[in-house]
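Order as written gives the chain letters A, B, C and D; numbering starts at 1 within each chain.
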Amino acid sequence: MNRDIILVDPLPRTLDLIMEPSVRARLEALGEVIVSEDRAMPAEEVERYLPDTVLIFGQTDMPRERLDRAPRLKAIINVESNFLANIDYQACVERGIWVITPASAFASPVAEAALAMALDLARGITAADRDFRLGVERYGLEGNAETFRFAGAPVGIIGFGDLGHAFRELIRPFKNRVRVFDPWLPKEIIEGQDCEPATLEEVLRESQVVLVFASVTSENEGFIGKREFAMMKPGAAFLLMSRAAVVDFPAMIEAAQSGHIKVATDVFPEEPVAADDPVRQASGILLSAHRTGGTRDAFYALGSMAVADAELIMKGLPPRLCRRADPATASRLRSKPVTVS
Amino acid sequence: MNRDIILVDPLPRTLDLIMEPSVRARLEALGEVIVSEDRAMPAEEVERYLPDTVLIFGQTDMPRERLDRAPRLKAIINVESNFLANIDYQACVERGIWVITPASAFASPVAEAALAMALDLARGITAADRDFRLGVERYGLEGNAETFRFAGAPVGIIGFGDLGHAFRELIRPFKNRVRVFDPWLPKEIIEGQDCEPATLEEVLRESQVVLVFASVTSENEGFIGKREFAMMKPGAAFLLMSRAAVVDFPAMIEAAQSGHIKVATDVFPEEPVAADDPVRQASGILLSAHRTGGTRDAFYALGSMAVADAELIMKGLPPRLCRRADPATASRLRSKPVTVS
Amino acid sequence: MNRDIILVDPLPRTLDLIMEPSVRARLEALGEVIVSEDRAMPAEEVERYLPDTVLIFGQTDMPRERLDRAPRLKAIINVESNFLANIDYQACVERGIWVITPASAFASPVAEAALAMALDLARGITAADRDFRLGVERYGLEGNAETFRFAGAPVGIIGFGDLGHAFRELIRPFKNRVRVFDPWLPKEIIEGQDCEPATLEEVLRESQVVLVFASVTSENEGFIGKREFAMMKPGAAFLLMSRAAVVDFPAMIEAAQSGHIKVATDVFPEEPVAADDPVRQASGILLSAHRTGGTRDAFYALGSMAVADAELIMKGLPPRLCRRADPATASRLRSKPVTVS
Amino acid sequence: MNRDIILVDPLPRTLDLIMEPSVRARLEALGEVIVSEDRAMPAEEVERYLPDTVLIFGQTDMPRERLDRAPRLKAIINVESNFLANIDYQACVERGIWVITPASAFASPVAEAALAMALDLARGITAADRDFRLGVERYGLEGNAETFRFAGAPVGIIGFGDLGHAFRELIRPFKNRVRVFDPWLPKEIIEGQDCEPATLEEVLRESQVVLVFASVTSENEGFIGKREFAMMKPGAAFLLMSRAAVVDFPAMIEAAQSGHIKVATDVFPEEPVAADDPVRQASGILLSAHRTGGTRDAFYALGSMAVADAELIMKGLPPRLCRRADPATASRLRSKPVTVS
């Protein structure tokens, strides 16, 4: 009789990072779990189990030849959250093998932090605390000289995937007019969330708060640069929440330091940031060390979403929580593998 | 024929502070406006106009004798936002003179800032920026070691007036369980906002985030002290948004410095805070110089609400936007006059 | 020692109608309860208790002379839900006696029924059931020839008190543009609920669904008549939810029968409606026998709101759930006493 | 040079039914449109165009052999809204051909009508109108003897796809506790909409209002029968909004006629219903002639969603608005083709 093998090859994650004990128990109920956590699963181990493998949790290389040797494979579940080039997506599609990722597990914590940072820039929270500690605080109306109300301010969203959607839900009580630039989406999706489709230029020119949630693709690297920052309203806020490569980073720092706009960023061109990187002392920027998504609950959600969809797939049903790799889209994405968990 | 006199005696406010030109024009359409902005209106000036005065905008002393000399007076509209003891409230009630204040103009900006500061404590926004500038930032999950998600965290609200209500609306998308302690309110009001009536102790013991929006009364001065802070969960957040006198301030600082809880405060026992006050260097506290309410838009809202209600009153209708002074309640309030605008 | 007497004189209500046992127990904890349910409390009984009466629940006549003989009276709580002319409101104000009513208890069931009836007219629910029973039903698109989608349809509200507010909350998911005509309200109240202040004519001309929630006053009797119905869009829906006297009733029936608009009404000029009243056979009208507000839960809410506010008043606090009679407003209202419960 | 052919074979729809002129213009911008509306496109016509066909709008038979002859085909867009067995889904997947349907265009009107009908049963709208016309109307509380408030009533949803989701959004202001039975979904999806996963029995036993939105599959035909209706609370409401085959229809009618529950149905085992079908005279049932989804706007939405996704697909992007056929799921569905539009 066949064994149902589940390969777990989650580097840079570990099983304990992404699964609470109850979720791990659900995983183990689906088959025999073979784990390689301290290093990528060695080729010989992968090969040994392929004939009986039904599920792969992780980022194992899966070229067509390996798929040929895994006739019972039903799904590859990427738990790093970015689709990489080490899988033959077309071959998976042909064989009816799901390739999915629970990447949206990070949407809720990132959106929450994006609102925290947007409110911070609008109302001057971190700046006021710093002034207070320096003994130069200002009270009442004077203390609001450089602030604006987030409520009612025009908001612009660049990239309207899971993150953008989650953020949009969080700001509903503030009743902002929200413009969205996302060239991959039909207007129906944007309007369905009570937002307005807009060009990049409209978003930049008209918004008091601009948030970038866009992934990097082969087409949008550095697409927000000096010219684009110059379009923004003086005193407006710009928040970079997704990937550093979508902006011209030095131009962004310059726009903040000059006082033209206020900036917050969770991502940097190189991470960790060098000890002597001048960004550390830049004025007008709120700094966050790529930490808005990586909360304890988000990693557990990654694991529970992965297992819940694996349960559906093993019952012959389609996955419902994870995002599917569409071959066409996957090939346009340019994410670097995550190196810190 | 009678003139309709409107006395404007708004110290510490000024007309320009609280009224945009279009609103001022609406005010002037209601009668002949007599203004004293640089000082409280002198007694002889008040007396001269009393017989024809229909409206007072400001904090003019109005004992019974003056009310006797103002037979046409319809309303006293306090624009400082706290009812003071210089009015004979009972005599106003008997004469059908409205005594009202547009204090709720500050609810929206304070609630917004309260959410900004609550998210800051939860997600470590200001702390992470400070660490980054000091070169000790931590990335990813490590950078979240001392944080918690605001979404879903149990929230406790102490004092559920305009501020509490406004805050409750803002956090709806976060789906928190919200407990409210407010001994002046029937449970129907609290439950009507999808919150749970609770004792002070329940609020302190069960909440991950506690917000104080309560006014000072003769009964609640310093009612949150060492014993109460000790009840809070380790790592929970405490935000003081209303009046310093409702807490034992040194005990609050101690609770923060010890690392037991995280604290944010917008108010201080003495303002401005002394240059050498140790609170400036305290750890675990987010500092704000009594600036969460005093935004540009809030002062304008104060004025427009006051004028809109004056328009209704001049038509013989009840005011709809301002809060009325109830003699019983007014006598329990212990606010100090505002000395900075 | 003084007894605290509570007079309960609730005709046409009864105590059992409006108070569940637990609420009645709370009432009894406030004082000694004297009840007259089968008839209005006889004058001699009222007079006997006046010196010790602290609260009145009901519609007892209270002219100034009686108030003079009730020195301890704190509140008169109207449980019929309309303020009548049998109280000296000014004298109550002068003495600090609250005159209040829990009328808003009916807002929630009326708003719910208003939505039911608005959706019925829009989607043709009752009409389609009738056609089916007559064997002339039409399927699919044909069956929708005379319908419209409520979602997104422009809505007009006439009278924006408790009922209007409750209705506005219920329709939020339908994302309608909502215009409001209410000459007693400042625009800030209307805009604060994401509605647009409008003239009566704008509401009638621009809306696909018009709802009347306005009370009758000395100024608005029959203010919606033939000319106003003619302004409405062909096929639009008109719902009369408050008082028959605000419309020209025959003109409304004519507008429905002619096919110009669709009508629903919960109220009639004379109730009960005569057996041979032609409205019973009128086409284009959805009929409801003044039953949208009088649900079991609404009567209990009436009682619990009344008692909850009585509890606050006995503690020296202002009421929070009931509406206060403003002398000026009360004198403009023209409600007839309710004759059926 | 190649022509881009778009086959439009929409029976039982027509292009005019589903596309406004502006949408049709967008369609024509995508290629050369070949239409067969009065009959299914003849085989010879299909064959002639296959080599240059890039898109098919409609229900054309597409076995593997035809797919082999359509090397440039990118998508088959079903505009009837049910996936049928006349396509080789596996072959489409292998070739990267999208097979999609804009079926969710009907979710919004069906959900709106479901709420209309649920409110009707709860508040007795149609029944009260009928009583009024018969001269037996009852006023006030008496008129509510057999009604219940929808607000706050426990609601049960059976089948939580597009329809169930749309309905759930509409009832948010009513603050119901909502239980969901859907064996195809992980609990995360259900809980994410603030509902509770439940068994079928729990849904039936605990709900005051039960709505069936489930599609027919090979596994659930007639799964709600006599035993299940008996589980329901006396006086509860049951609404059948999706397909007649999921219930034992005679048992449903019997449950209504006996007075045990109230029923509303939009679907029938045979449509049109026979002239002498006794359901026409059944008591306790609200009847709707399969007309809740087929509104004018829904058909246009069907067309605009189809074209919007076609535009994305022609740009090499994945569709975003239509639902994809998953071969496994498609094979379980048992819908009959629609015969009336």
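Definition applied: contacts are C-beta pairs under 8 Å (C-beta built on N, C-alpha and C of every residue); 3 or more make two chains touch, one makes a residue touch a chain.
Fair warning: this is a prediction, and the values are worked out from it, not measured in the lab.
A.B. asks: Based on mean C-alpha positions, I'd like to know which chain lies farthest from chain A.
C.D. replies: Centroid comparison gives C as the farthest chain from chain A.
A.B. asks: Taking the mean of the C-alpha atoms as each chain's centre, how many Å separate chain A from chain B?
C.D. replies: Taking the average C-alpha coordinate of chain A and of chain B, the gap between them is 38 Å.
A.B. asks: Which integer distance in Å separates the CA centroid of chain B from that of chain C?
C.D. replies: Chain centres of chain B and chain C, defined by C-alpha means, are spaced 34 Å apart.
A.B. asks: Residues of chain D that touch two or more other chains: which are they?
C.D. replies: Counting only residues that touch two or more other chains, chain D contributes none.
A.B. asks: Quick check of your reading of the touch definition: is the inter-chain graph here a line, ring, star, complete or other?
C.D. replies: The chain contacts form a single closed ring, each chain touching exactly two others.
A.B. asks: Which residues, counting only chain C, touch chain B once they are in their complex?
C.D. replies: 90, 93-94, 96, 184-189, 304-305, 308-309, 311-312, 316-318, 320-321, 326-329
A.B. asks: Using the touch definition up top, name the residues of chain C that touch chain D in the complex.
C.D. replies: By the definition above, chain C touches chain D via 17, 108-109, 112-113, 115-117, 119-120, 122-123, 125-126, 128-129, 131-133, 135, 137-144, 147, 149-151, 169-174, 271-273, 275, 280-281, 286-292, 294-297, 299, 340-341.
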